[in-house]
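Look for chain A in each of the two complexes below; its partner is chain B in the first and chain C in the second.
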Partner chain A sequence: MLFYGTELSSRLMLGTAQYPSPAIMEDAFRRSGASVATVSLRREGGRGQGFWDIISGLGVHVLPNTAGCHSAKEAVTTARMAREMFETNWIKLEVIGHSDTLQPDPFGLLDAAETLSAERFEVFPYTTEDQVLAQRLLDAGCKVLMPWGAPIGSGLGLNNRHGLRMLRAAFPDVPMVIDAGIGMPSHAAEAMEMGFDAVLLNTAVAQAGDPAAMAQAFGQAIEAGRMARGADPMAPRDMAVPSTPVIGKAWL
Partner chain B sequence: MIEVTIIGAGVAGLFAAHELARRGAQVRILDRNGAPGPHGCSWWAGGMLAPECEGATAEPVITRLGREAAEAWSRITPVTHRGTLVIALQRDRSELDRFARRTTGARRLDAQGIATLEPDLDHREGLFFPSEAHLDPRVALSDLLADLSSRGITVERSQTPPENLSGIVIDARGMEAPGLRGVRGEMVVIRTPEITLTRPVRLLHPRHPLYVVPRGDGRLMLGATQLESAARGAIRVRSLLELLSAAYALDPRLAEAELVETGADLRPAYPDNIPRVTRTGRILRLNGLFRHGFLLAPALARQAADLLLNDIKGELVHED
Partner chain C sequence: MRIEVNGEPRDVASATLAAAIKELGWAEARIVTAVNGDFVPLSARATQPLQDGDRIEVLTPMQGG
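Let's look at the complex of A and B:
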């Protein structure tokens, strides 16, 4: 599975906000093996070399995001600044539609995705599980989708399993990253078991009491979920099925 | 008698001067801007001496060394020993549990308990850290200067870098020194006759945490943003909105307060957000106090003095 032509060594993408210190953030990346770091330009885009030096020292792919943008126009401007700053065409496109739920604005998202794709950006759109929107984003030029698990920072896990399963089935060849709402490693493992290609998270690791240990747990869960998917899991059934044959057992 | 030249008249440099002088060293202080003022980040500090609360996110060494701050400052400036009150909005109650789990020394409070401590506040649940204290940073800096002045030490205006000075040099220039990461912080001061607080109050919030420090005369300091950005310049509109909205959520009457002052500056920090005494030959760098300037300046100064006067290497000491 390639993300805009790039093979990722790990299917964990980790955010870089809210850690107790950059040293702990570095440790979280090292122990989890995460292969992509998302960085917010809008909020933390100072001329501060120190923090960027630490991020580039992580040796992972940088995925700038447009977090905090509330309109297509704002997101496009932020994306252009990010491309200049990080010298990458990758952009995680977030257009927030509602400030309490932080759910994406589907109209602004599509609008911005069209503009940015035309400018040869490689867009990772933060979207819902809506299939129609997914198709429109693909039509706009997106080659990766990032459906949410649950609202950003909520830690609720996969809120709409049915919708996510339908989305996965509808676009089996499109790389999909579950982004937002992941609280526990089991949520991430489940997303991978369902056939999603990667998981992006931040708060669940950064706000844990021991962020580096939690990051490692996520790295392992994602690996476990991915391996399980590849191993073709059994289907659940209503009836018990004995794992050893009953016939032929000695009758007493 | 050992002679030391200190560069930087912020809280790190001035406290080091105080510590060394009282332990018998002969001290000079140089600063390119002279006495402390709005040009230095110490000016914009909150002044909370809250080692237990900081422990919710900081490394344990911050809590351990921060516990000596209140007593050390009491030798120099008025310190208010009334603890810290921590509250959360009803829908963020789980934040209180988490904060309690990650700190020590907290007492659970109900509405009655909160009202007893701060009659003007109406909240249902909280945590109380009775051992904590606070001070007014600008008064403290001025009292430090007065203490030094009584020992015959004044701040001389000078831009001479440490390498060009002879003898033992302490470089406490904060962001002016090389190799530090800037973490932007922004604050607001409001004034209201309607609400009196007698101790720092922290409002836990997953997105917009806030602390309020009483400064007397009806003034309340609201702080502080913490952005991984070394951009300078005045407070951003978004930050002001967030701080004031959080204050409004704490108590709607604060909407009627006067907006007295806003400020923004950079906190000098190392990657682990722990301050260091770094020795390179005859130069000692005291830096990286991050958001713990007033909390850790006494411990940093003590360890610098221990190293210079007694050759004791404390846990903040790094040899280059």
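Let's look at the complex of A and C:
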């Protein structure tokens, strides 16, 4: 599975915000094996250079975001600035529609995705599980989709399993990343078992009591879930079926 | 002239964005710029004129999710 032509060594994409310290963040990346780091652009206050040096030293792919943008225009301008700063065509496109749920504004998202794709950006759109919107984003030129699991930072996991399953089945060949709402490694494993290609998370690791250990747990869960998906899981059934052979049982 | 830099009013003597960036002490900084909501690439800063009341954003890499 390629993400805009790039094979990733790990299917964990990890955020860089909210860690107790830069050293703990570095440790989290190292122990999880995450292959992608999300970053943002904010007003220069004198701390940007040091942060950038740390990120560069991680040796991972950088995925800039447009976090906090509430209009297509803001997101497009931020993406253009990010491309110059980070020297990548990748952009995690967020156009936020509601400040409580941080849910994507589907109309602004599509508008921005069309503009950016035409400018040869490689757009990772933060979207809902809506299939119609997914098709429109693909038509706009997106070659990756990032449906949410649950609202950003909520830790609720996969809120709409049915919708996510339907989305996965509708576009089996499109690389899809579950982005946002993941709280526990089991959520990430489940996403991978459902056939999603990667998981992007931040808060669940950064806000854990031991972020580096939690990061490692996520890395292992994602690997386990991915392997399980590839191993063709059994179908669930309602009735019990004995696993020990009945033939040859003693007559007692 | 008075412009707004990252939301704060600043008085600068420079007539271009490139000169203002230098005047504000960011000549060596790892930054990207926008004027009045539009991206101004590094290559265009020297020819980007500034006018009284312009809003400049000077951004740098930061933590993100």
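Following the convention adopted for this analysis, the second predicted complex is superposed on the first by the 246 of 252 C-alpha atoms of A that agree within 3 Å, B and C clash if a C-alpha of one lies under 4 Å from a C-alpha of the other, contacts with A are read in each partner's own complex, and residues count from 1 in each chain.
Rule of thumb we're sticking to: a residue touches a chain if its C-beta (ideal position, glycine included) is under 8 Å from a C-beta of that chain, and two chains touch if they have at least 3 such contacts.
The structure displayed is predicted, hence computed values, not measured ones.
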Which partner chains sit in contact with A:Tyr4 here, chain B, chain C, both or neither? Use first/second/both/neither. neither
Now for A:Ala67: first (chain B), second (chain C), both, or neither, which partner does it touch? second
Most chain A residues touched (candidates chain B, chain C): C
Is A:Phe171 contacted by the first partner chain B, the second partner chain C, both or neither? neither
Under the stated touch criterion, which partner chain does A:Gly209 make contact with: chain B (first), chain C (second), both, or neither? first
Given the touch rule stated above, what does A:Met81 touch, chain B (first), chain C (second), both, or neither? second
Just checking: does A:Ala23 make contact with chain B only, chain C only, both, or neither of them? Give me first, second, both or neither. first
Which chain A residues lie in the overlap of the chain B contact set and the chain C contact set? 16-17, 43-45, 47-49, 51, 153
In the complex with chain A, residue positions of chain B that touch it: 57-59, 101-102, 180-182, 184, 206-207, 227-231, 269, 271-274
In the complex, chain A residues that touch chain B: 16-17, 20-24, 26, 43-51, 54, 153, 209
List the residues on chain A that touch chain C in their complex, please. 15-19, 38-45, 47-49, 51-52, 55, 64-65, 67, 73-74, 77, 80-82, 84-86, 152-153, 202-203
Using the touch definition from the top, list the residues of chain C that touch chain A in their complex. 6-7, 26, 29-34, 37-39, 41-42, 57-65
